[in-house]
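Chain IDs A, B, C, D, E, F and G follow the sequence of writing; residue 1 opens each chain.
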Amino acid sequence: METLMAFTVGGLFSAAIYMMLRRSIVKLVIGLVLLSNAANLLLFTQAGLLRGAPPLVPKGATQPTGVVADPLAQALILTAIVIGFGVLAFAVVLIHRAYEVVKADDMDQMKDTDT
Amino acid sequence: MVTELLMEILISFFLLAGVGFIFVAALGLLRMPDLPIRLHATTKAGALGGGLLMIAVGLESFGDVAVAAKAAAIIVFLVLTGPVAAHLIGRAGYFVGVPMWSGTIKDELKGRYDHKTHTLMSPPGLSRTRDEQSD
Amino acid sequence: MNSQFALQSLILRTAAHFLLPLLLIFSVFLLLRGHNEPGGGFIAGLVAASAVALYMFAVDVRSAKRVLRFEPRDLMGWGLLVGVISGVPAVFVGQPFFTSQWLELKLPLLGELKVGTPLLFDVGVYLVVIGAVLLILLSLAEAEGKTDHHHGGG
Amino acid sequence: MRLEVALPVIIPLFFGALTLTLWRWRMAQRVATATGTGLMLLSALWLLAATWQDGILVMHMGDWQAPFGIVMVSDLLSAIMVVLAGISGFATAVYSLTSMSKRHEAFGYYPLLHLLLAGVNGAFLTGDIFNLYVWFEVMLVASFALLILGGERAQMEGAIKYVTLNLVSSAMLLSAIGLLYGLTGTLNMADIAEKLTYAEDPGIITVIAMLFLVSFGIKAGAFPFFFWLPASYHTPQVAVSALFAALLTKVGVYALFRVFTLIFTQDVAYTHGILLWVAGATMLTGVLGAAAQYEFRRILSFHIISQIGYMIMGLALFTPLALVGGVFYIMHHIIVKANLFLVSGLVYRLKGTYELKELGGMYRSHPMLALLFLVPALSLAGMPPLSGFFAKFILIRAGVEAEAWWIVGVALVVGLLTLYSMMKIWAEVFWKAQPEEHANRSAHGSAGSGVLYLTIGGMAALTVFIGLGAEPIYRMADAAAHQLLNPSLYIDAVLGERQ
Amino acid sequence: MGVLLAVLSGFVIAAVAPWVHRGLGRHGGWVLAALPAALFIYFASFLPGLGEAEGGRFILEYDWIPSLGIQLSFLVDGLSLLFALLISGIGFFVVAYAGRYLEGHRDLGRFYVLILAFMASMLGLVLSSNLISLFVFWELTSITSYLLIGYNHEDAKARKSALQGLFVTVAGGLALLTGLIMMALVGGSYELHELLTSGDIFREHDWYMGILLLVLLGCFTKSAQYPFHFWLPNAMAAPTPVSAYLHSATMVKAGVYLMARLNPSLGGTEAWMLLLGLFGAVTMFVGVFLSLRSTGIKQLLAYSTVMALGTLTMLIGVGSETAMLAAMAFLLAHSLYKGALFLVAGILDHEAGCKDILQTGGLRRALPVTTAFAGLAALSLAGVLPALGFVAKELLFEAVLEAPALAGLLSILAVVSAMMVVAVAAIIGIRPWYGPRADTPKRPAHEAPPALLAGPVVLASLGLLFGLGAGWVDQGLISWAAAAVYGAPVSPYLSLWHGFNLPLLLSGVSLALGLLLYLNWERFRRFTGFMEVANRYGPEAAYEKSMSGMVWLSGWQTRVLQNGYLRYYLLTILVSTVGLVMVTLFTRTDVNIDLDLSGILVHEAFIVAVLLMAALVSVTTRSRLGAVASLGAVGFCVALIYVLFSAADVGITQVLVETLTVIMLVLVLFRLPGFLGLTPMALRIRDALIALAVGTMMAVLKLAASTTQYADSISDYFIQESQPSGYGRNIVNVILVDFRALDTLGEIVVLALAAVGVYAMIKFRAEDRK
Amino acid sequence: MLEFSIFIAYTVLGVSLVLIFFRLVLGPSLPDRVVALEMLATLTVGFIAVYTLSSGVTAFLDVAMVLALTAFLAAVGFARLIAKGGSQDGD
Amino acid sequence: MIGPLASNILLALVWMGLTGSFTGTNLFIGLVLGYLILGSALRDQPGFATYASKIPKAIRFIGFFIKELIRSNLKVAYDVLTPTYYMKPGVIAFPLEARTDGEITVVANLISLTPGTLSLDVSSDRKVLYIHVMYLEDEESVIESIRYMEYRALEVLR
């Protein structure tokens, strides 16, 4: 499974990066969504994969029975997802506004600030 | 013993029926020739498939009433939201002119929608079968 | 202007009237049991925000705001304040910030109830999530009405 | 339990939340901002004093024992950084109270300011690598919002680059943390360091170190990752630029210092050798970038980059003295760069433009301002006896001691070119006569500039003090470097002494 | 505290000078000049005790930055006293002179500030014993000098000259700093008085050549040695009192001072001798040659200063006892006559409006006193008996004739230069005053006022007096100074008359030929007109070229690197990252990657396949909404993976976030145009390859990291403690709200910040501002 | 028997996933894709049901519950976009 | 028709179902929550919620509905799974009996879930429901069966 997930993560990173290298700002945003998914998935798989063993303590017990998936990694991903969502919301509106002021969906029209 | 086996058979039945209907919905989605017909497939078969699967889960229940309740709730939610979504997508597709299958034999909706005012007229001469009350 | 935002669908609108309370109660449910089952402030907040978003699409932006009763900004502020403050009581009993403080309440009708600052914290999370998501969505929705007005359709 | 370790984070968080709830009441927000940043500065000073006195301080947040819960750790580097954040935050706040437009205030400037500071202080104080990521994000998103506040086209364009590149950095950081967590099973930096001490075959750690290097390198604005900085730093309100210039890249530098002294010390010859090249290239590209510019804040922006190079040089040489130099340089630079941006803001306020070609005549018309520019400008260029001279002196001496001749050469040349840029500004803005065709531009006149002068003057005084009174500052940097070079101090403080 | 106070008093008085000026008006100059006068007396008071002092010097130390070895320590010996007396003495006349010369100038107040600060810096420089505090004062003189050269700051040429001077001297200064640091590291101390006795350590150290070159670079630039001499004449853009003070008598001698000072430590080697001897001699010759080519009065004097600086350098290089005596005598003579002549040049400008020698003539009637003392100073310049200049020249010839190396070359250059100096002296001493009355821009109505005359009168007179009393001067200051430079006591040798010898002969020859040259001055200028061509390729041109080259390089680099294209920024970053990671992976580890595809369930494979295909579709589709829908599919698949691998909360969150993301995108995309195919195929292939490289890197990293695990995860603790200590059965949630609540707090802050940002972006539009 | 049924169920769901995905890719119109996305949510509910049966862990039903209740919001958003005429880029 | 009280009780029941805890305490919590949510969310909608009055009718209707659902699905499944298309689709206008928003919505959704019919939209005057029908060989019988279902549904609702 590790290998398959490595391919998955690699594929997602590739797709994200390719989109971010486009001139179109819309594609940029799509790249950002993919990027955040890729990083989260990497974090998830890196903590080890376990089927059907959610980190929950049964009612009345003080500890889960048997081995459970790594709760810490899950908590981290949750945090990362939320952060990614906030950042993405910002980015989406940013390109929206950029499009409104520049009136073109083309990064090449947005290089005045640099040179 | 017997009840357990019976239960297992029952669950398997619902399980396979459920995934069968989901498969039908998926295949219908792929195979059917136009948007509304695909919607037919997904709305009905999807809801039914999901419902049957949840019945299977509810039957198993793992000795927990809450599980059955959850399964029931999921069925309710699917039934509640599916048709609404279908209606929205279907009419949106229709109004923006997504082409219908060539085999379509009748279209009473044609020309009734005013894109500017977003009003949908009822067909002329069509009145309610019973006496109208003030509306 | 804002009414233009919503989908003009009787079916959706009616469904939304029905789904809104359902989703909201669902969100409270997710919030309160999150400590023991899947759920928690963040998920609950998202569900609640989705409910209002649905209302926004189905009815109109103004009604959605009325449903919320508070400005999303204020919800966010209060939520954040609750979140921060929930970490403070520990200091007064000589423990580090965010050390959980639990209270065993014996209520006449409800029996024993364990209430702690982590739950308070989760409520803060809940409020912030609702406020933030809706601030984003409602602003976007309002902006659309505005630009429609100014520049015409896209 | 040491309360003071967490206070510099809790206070701005609290005031950030408070100002959010006070959204509609402008005056209340302003009062809260002045109070909040002031309290934050005081708590930072308290923390520094306590850390100086008692050594590395730790607060186990939530009272969970060390590798499990999140710890806030204050060693001298952290405490120094927090004080610097306090100073620049307070100065910016005071400056903002006068200079910020009502619209900016109405759209969340103050909450953003507080929360940005919370993120910065959080990043400085946390002892947990994932928590570091979180604070980085807090700081970043706050900076995103501050960057676009105003809605000008240039802000949007700059922000797109800023946001995108920083998100790439964040994704890399997150991935790197994931990989590191997979390897060590822990997030507590001290714990990671300790586990890696006994690790066999740590080659893979060096690989992951490269990801950290790139990620923090982007945030620090190092070569070849700095592009977002000159693209955006000159676009927002000047108080915002000043705060960014003072703090944001330094958080990246701090993170580099932290992980490359505490965690990634398995293969110093290799990792720090790469850092040294990064440092040299950063200095050169930054300073060269500035030479062609003719906009006040753009020049300053490019110089942030070149100055970052010096700080990284201190880390890369990795000798006690070099680290002292790096820490000293950070202290000097935060004060000076913020000050220069604030000066540019005052110039803008008086003249309505940042273009050197359109400016002039201010030596005659505003001699006080001229002096207040000259102090940080010469300090930035490393002229004695100001703070920048001693910062460069320590680094060059460290370089000479290490016989790293080329980096010494680069550091010297870059110092010279910095002087060139600063004197260009001086000649164009202050000495040159006001060009006739731009004579009648004026943005705000001079209303309310008394407070601004006071802020700038205070910062300039600090610069002079760090120079003339370099002894205590040096001793502090020296002690900080000592802690950095002895990670066991940090580890023992966090995890407790064990056999 | 005395010396420290003496040095710092200049800064203190400088700080209040504008108020003194404002309060006292035209008398301000005299009042402020009291400070240098007092300082002069103070320093003079050291003289009687110096002979008895231990080692012929006083050492005073004050703590500054002891941890760094940086102290405010002062070394008072013959050398530093000679300089301190010159600085304070000439300073007195210059300040008084400036009060009158710049009377009514709107920036006079700031002028006092700068000139007094400069004086203090200069005193600090020559008195410092600590290398670093010496350097601090060294750079302070550069900065104050910069501000003084640019005094007429609205004049573009003044600004340019100021920058040139600053740039050249600071560049050298930085080299010097490195050299000094190296010296301190080798010698184990920053204190000159400790280093001066450890010359052998330096001379035998590997770093010797490096130290030497770096230190000399600093000294040569500061003291305008060829090829760094060009900034000095340009510095004449400064007001005349500045030229008189900084660019003849004091600051430019700082380099000479330092070479002299370090002679005991670094001198005495062949390299030292050759470098100083050659550069000094060439500078000497070039200086006087260019001086003769000039007609601008200040230019002419400036180039002759270059000559003098070269001479001093050469003498220090020669290094013999005689040479050191010659150097100190020459230093004193030059300061006196050059100070006087510059002040005279100022009078010519002030009274007659003349800046060019060709504008002048026959002014002796209008300015009789000036004429007399200009003549007196010129005599010393020319080295005519009995002026101090004569004594110095005699010693100079003697020193070069006996030079340990290059004696022939140095002697020839010295004689030729001396001859030309005589011509220069005649030009300034005769040309303006005698002959027919020229039509000057301003007609001088009367002799210059006392404030202007005081300097020339006193300084020129001193030149004569010291010549006449050469032996007396020699017994005192000069020999002490020479001893400090030589590093050992020198036998007194200085006197007006040494009898008929070769030096005297050479002196006479140079005098005669010099006068001849003066008579043929015009012809000389015409013959040497070709030099204009040489100038185009000279050091100054090289400086200009390198400056414009630097600006060009800067522009080029910015165009290439900071080109405004986000994707190239990304590309650069990504390619660097892949390079760094891959190189590290292959060089620092034994890469060990297991491709293990066992244990995959069918549906998981389906999900992953669809996930990847959906990602591919979102990348390749030409429909942006199709891309969004594909993103939705990616999101659902990721959610499924979370669910299938036991992450319930994450799954729910992913689903909700995915839904909200789609809604957000849909709300925004409404406004945006469709996808544009903006990039040609070749570039797309390049980008695809880079994207693949990044993806491969992450996959390889993930696999490589998967084979190693150094320790068990801390999450066992959470699993154990969640219920007992956190009172919650959902371990993930307990982590979120309790174990790691701080993360969650940060996370909601991020969310709130993003929302505020979005709100501000949407509601706060620049275009709405009417 | 149940185990075998579960295996069949998983496989059928996997195949269905691919089928739905093809509709998502093929379109041809945006509403078609939206239908596919909507179906994907239902399919995910199905996956969770089978997963619950196979693992005996009921916690994931909560995911299904949330999905069933909120996933159609995306469809609502899309529908609105289509209705407002926002899909004119060759969808 | 049933009024807010019933809605409240209903929500409380939903709550108990969700939490899976059928205790008095939980009922109380559910009632309070339901009250709060209804009070805050739907304060502009007095008299909303006109469903579930007649439990027996409802149960009977559910049985009928499930039968229809399965029937419709088998028909569609057959068409989907067999290679040739048997359908004769078309859009018809169905005059509505249902009046209130709630009625119309329930009817429309039920129609979407039952044999070969899919509600597309309600006319703006709310008199007509446009329905996409899959097997439109005999329009009259289709309309008749729809009307029957509407009748049974309204029976429960009114």
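Everything below uses one rule, namely that contacts are C-beta pairs under 8 Å (C-beta built on N, C-alpha and C of every residue); 3 or more make two chains touch, one makes a residue touch a chain.
If you're wondering where the values come from, they're calculated on a predicted model, not measured in any experiment.
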Per Cα centroids, the chain farthest from chain E: G
Pair of chains joined by more contacts [C-beta pairs], B-C or A-F: B-C
Central chain of the complex, centres being mean CA coordinates: D
Centroid distance [mean C-alpha coordinates] between chain E and chain C, Å: 61
Inter-chain centre distance, chain A versus chain C - centres from mean C-alpha coordinates, in Å: 23
Distance from the mean Cα position of chain D to that of chain B, given in whole angstrom: 58
Residues of chain B touching at least two other chains: 20, 27, 39, 47, 64, 66-67, 70, 73, 80-82, 84, 86-88, 90-91
Where chain C touches two or more other chains, by residue: 7-9, 11-12, 15, 18-19, 22, 26, 36-39, 42-43, 47, 50, 53, 73, 76, 80, 83-84, 87, 98, 100, 132, 136, 140, 147, 154
Junction residues of chain E - those touching two or more other chains: 558, 562, 564, 566, 570, 574, 605, 624, 644, 646, 648-649, 652-653, 656-657, 659-660, 663-664, 667-673, 675, 698, 702, 705-706, 713-715, 718, 729-730, 736, 738-759, 761-763, 765-767
Interchain contacts (touch definition) - all pairs: A-C, A-D, A-E, A-F, B-C, B-F, B-G, C-D, C-E, C-F, C-G, D-E, E-F
Complex interface listing, chain G residues touching chain B: 14, 17-22, 69-70, 72-73, 76-77, 79-81, 85, 87-93, 95-97, 99, 108-110, 112-114, 116, 118-128, 130, 132, 134, 136, 139
Chain C to chain A touching residues, read off their complex: 36-38, 42, 132, 136, 140, 147
Of chain F, residues touching chain E in the complex: 7, 10-11, 13-15, 17-18, 21, 24-25, 27, 30, 33-34, 36-37, 40-41, 44, 47-48, 51, 57, 59-60, 62-63, 66-67, 70-71, 73-74, 76-78, 80-81, 84, 86-91
Residue ranges of chain F in contact with chain A within the complex: 51, 54-57, 59-60
Partner chain B, residues of chain C touching it in the complex: 7-9, 11-12, 15, 18-19
